[in-house]
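These notes open a run of structures that come right after.
Look at the two complexes coming up: chain A is in both, with chain B in one and chain C in the other.
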Partner chain A sequence: MSDDHDHDHHHHLRESETYYAARTKALESLFREKGLIGTDTVDRVINFFEHEMGPFNGAKVVAKAWTDPAFKGRLLADANKAIAELGMRDGIEGENLKVVENVPGTHNVVCCTLCSCWPWPLLGLPPYWFKDPVFRARVVREPRGVLSDFGVTLPEESKIEIWDSSAQVRYFVIPERPAGTDGWTEEKLAALVSTEAMQGLGLATA
Partner chain B sequence: MDAYVDDLTGREAIPRNCESLKFDEPWQGRAFGMVLALAEAKSYPYEDFRKSLISTIGEWDKTHEPGDETWSYYEQWLAAFEKLALAKGLVTPEELDQRTEEFLHRTRDEVI
Partner chain C sequence: MKVQHYLGGIENLGPVDVEKRVFVEPWEAQLFAVHTTMMGTGIWAWPDLRVLAESMNPLDYFKYRYYIKWLGGMCKFLISRNYISEKELEAKTRYYLENPDAAQPNAGNNDVTERVIEYFYTGANPYRDVAVNPIFKVGDTVRVKDMPPVVHTRLPGYLRNRIGVVETVYKGAYLYADNVPTDGICTAQPVYLVKFKTRDLWDDIPDKGDVLYNDCFEVYLEAA
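Let's turn to the complex of A and B:
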């Protein structure tokens, strides 16, 4: 950007998503042309994050914890070690996972008041609501109000524990196992577990 | 794909300013994927990108208030990536600007 006119022109373009989309396409197009990446390379990377790291991992962990008390014990004691048993990696954004369990009378809610720390290996990339400034501020002040926005009403006497995830510790919730699911397979149970439930903002229901 | 994960263990890979890796627009996912793809292809060490990202975000922080609504994590990501790609000579500013124009004005018939 050598002169002011050019600068203003680019500044204006930079305001728009159209510019970023074109800029990103230009980069990828050039890298493909130069043979630095293949035509499917970027798709492969995005796929990895969508398919290898997602809430299906967390749901599998919950279903296993529901059906295998010994596993649940190991999970609560050392989550990183326990998920490795299931062949899950804890690398990116999941170095220090801590699992808490919802039981009758105590409900756990996870937030990240400072930013958007989130247990990636178990839940994939964080959803919009988690990083919303209003959610982050309000969940600590009035958790019952936030829970009710998410459609969750707890008994009056229930205690609510708030866990603030950080780069040091990322929390994950084992929701209560719904009644009427005795004898269900882990696969069938896993289908009951939502991302919200694994952060305490939803319940698992059969 | 393990290389991506191994390359990304640094704390700086964490979105630092209350944003996160959630793609609101498709270009954000492409920009995210390209950074990792080129690191895997050894066009640069991932560490170089991390440094570029830190300095890009640092620049933004110096010139903006913390609550500035124009903050966008992926704009920082893309800017950091562009700087690195230019510094490493992976693209030239001229060809990048020209191709950007082609996509902007739809004179380039290539599906990305």
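Let's turn to the complex of A and C:
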């Protein structure tokens, strides 16, 4: 009986946030002692994805594509080459980027049913929804139901193109430019573009 | 059969958890940084992590949050490869449970930091510039093979036995991995973008004219 109790207690403890936090601290601490990580690595990595590789890159690309049709053409043809024009570097989880465009009547949705493939150079790290097994299970079979969970309703006649990433390519969506934004600066336009919209799970709105 | 290989198309799951944050607990960011350090210094790569995720009890796979699964996988891998011992991990964990505000040891190798950041920009392109003769061409009708179940695959289960059309033949060859057991993707080979009508994948869904694209390694395809 007391063994059972101890076991339950142990099990419960091992499934708490306190335990996960301690276990993670233990890992970093062992890495430090063994010289496998630097004293500043964790802070630098977190900072990198807050300021250097994040959805602000993708939003900048979308704003440029909305305002410069020639750039958009080059982006759709060879995304890795086109983003370099903006001084942006590609890299991990984005060595082979493919950009697709939402137009009236055709809406693109990106997923990764096997894991969490995501275009890091343009969007940083994937949010929780993208990794949710429920999202991954449902989006391929019932994309409209999933879009409705995100508060998105498409026009009745719209067709959906779903991109399930499982090999080398990482997909990125140019959302439709919202009406009433003629003459807006790229900076102002970029602020309309959410992470979700750049994977087809949201719309850009003004 | 592994549920993790067959997620796409499962019904009756209820609403998606639309959580837009990347990390929901501070430890997740710290864990992620340790993971990228492992990636950037060659301790492991994505396939190692995916093998562990796919070997989980499927009910646990659904039950545990993303980074909780990573934590378990990372600890298991590091112990099995002797980077750390279970004993020292347990002792350190106990220490931080008892001293949650204790600082990290003032030790480490700061050369690692720049190496990891540079790795984010260089990446690890699976492209291989080797001569290949792709079996299929654009417009060919192909059937996805029902590959034998293995430890690790990049073939979504719902595509097995389904018929699609080659949309793109990617230039050159791609190597998925050469250090984990897979169903034939440990050699560099052509990859094809294949287009499927979703009604051909599930004949009981409303016909809206939707299509689904997937990048298929050549070994997964046969002529239809």
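Here is the rule we go by: the second predicted complex is superposed on the first by the 164 of 206 C-alpha atoms of A that agree within 3 Å, B and C clash if a C-alpha of one lies under 4 Å from a C-alpha of the other, contacts with A are read in each partner's own complex, and residues count from 1 in each chain.
The rule is short, and it goes like this: a contact is a pair of C-beta atoms (placed from the backbone, for glycine too) under 8 Å apart; a residue touches a chain by one contact, two chains touch by 3 or more.
This structure is a prediction, so every number in the text was calculated from the model and none was measured.
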Chain B versus chain C as contact partner of A:W118, first or second or both or neither: first
First (chain B), second (chain C), both or neither touched by A:T67: neither
Touched partner set for A:N80, first chain B, second chain C, both or neither: neither
When both partners are placed on the shared chain, which of chain B and chain C touches more of chain A: C
Partner chain in contact with A:T195 - chain B first, chain C second, else both or neither: second
Which superposed partner A:T181 touches (first chain B, second chain C, both, neither): neither
Chain A positions touched by chain B in one structure and by chain C in the second: 17-31, 34, 36-37, 41-42, 44-46, 48-49, 89, 91-93, 95, 114-116, 125-128, 131, 133, 167
Of chain B, residues touching chain A in the complex: 1-2, 4-6, 8-9, 11, 13-27, 29-34, 36-38, 40-41, 43, 74-75, 78, 81-82, 85, 90-91, 95-96, 99-104, 108, 110, 112
Residue ranges of chain A in contact with chain C within the complex: 17-42, 44-46, 48-49, 53, 89-96, 113-116, 120, 124-129, 131-138, 140-144, 146, 149-150, 159-169, 195-196
Touching residues on chain A, where the partner in the complex is chain B: 13, 17-31, 34, 36-37, 41-46, 48-49, 52, 89, 91-93, 95, 114-118, 125-128, 130-131, 133, 167
Of all residues in chain C, those that touch chain A in their complex: 4-5, 7-11, 13-22, 24-27, 29-34, 36-37, 39, 41, 43, 46, 50, 53, 61-62, 65-68, 71, 74-75, 78, 83-84, 88-89, 92-97, 100, 102, 104-113, 116-117, 119-127, 153-156, 158, 170, 174, 176, 191, 193, 198, 201-202, 205, 208-217
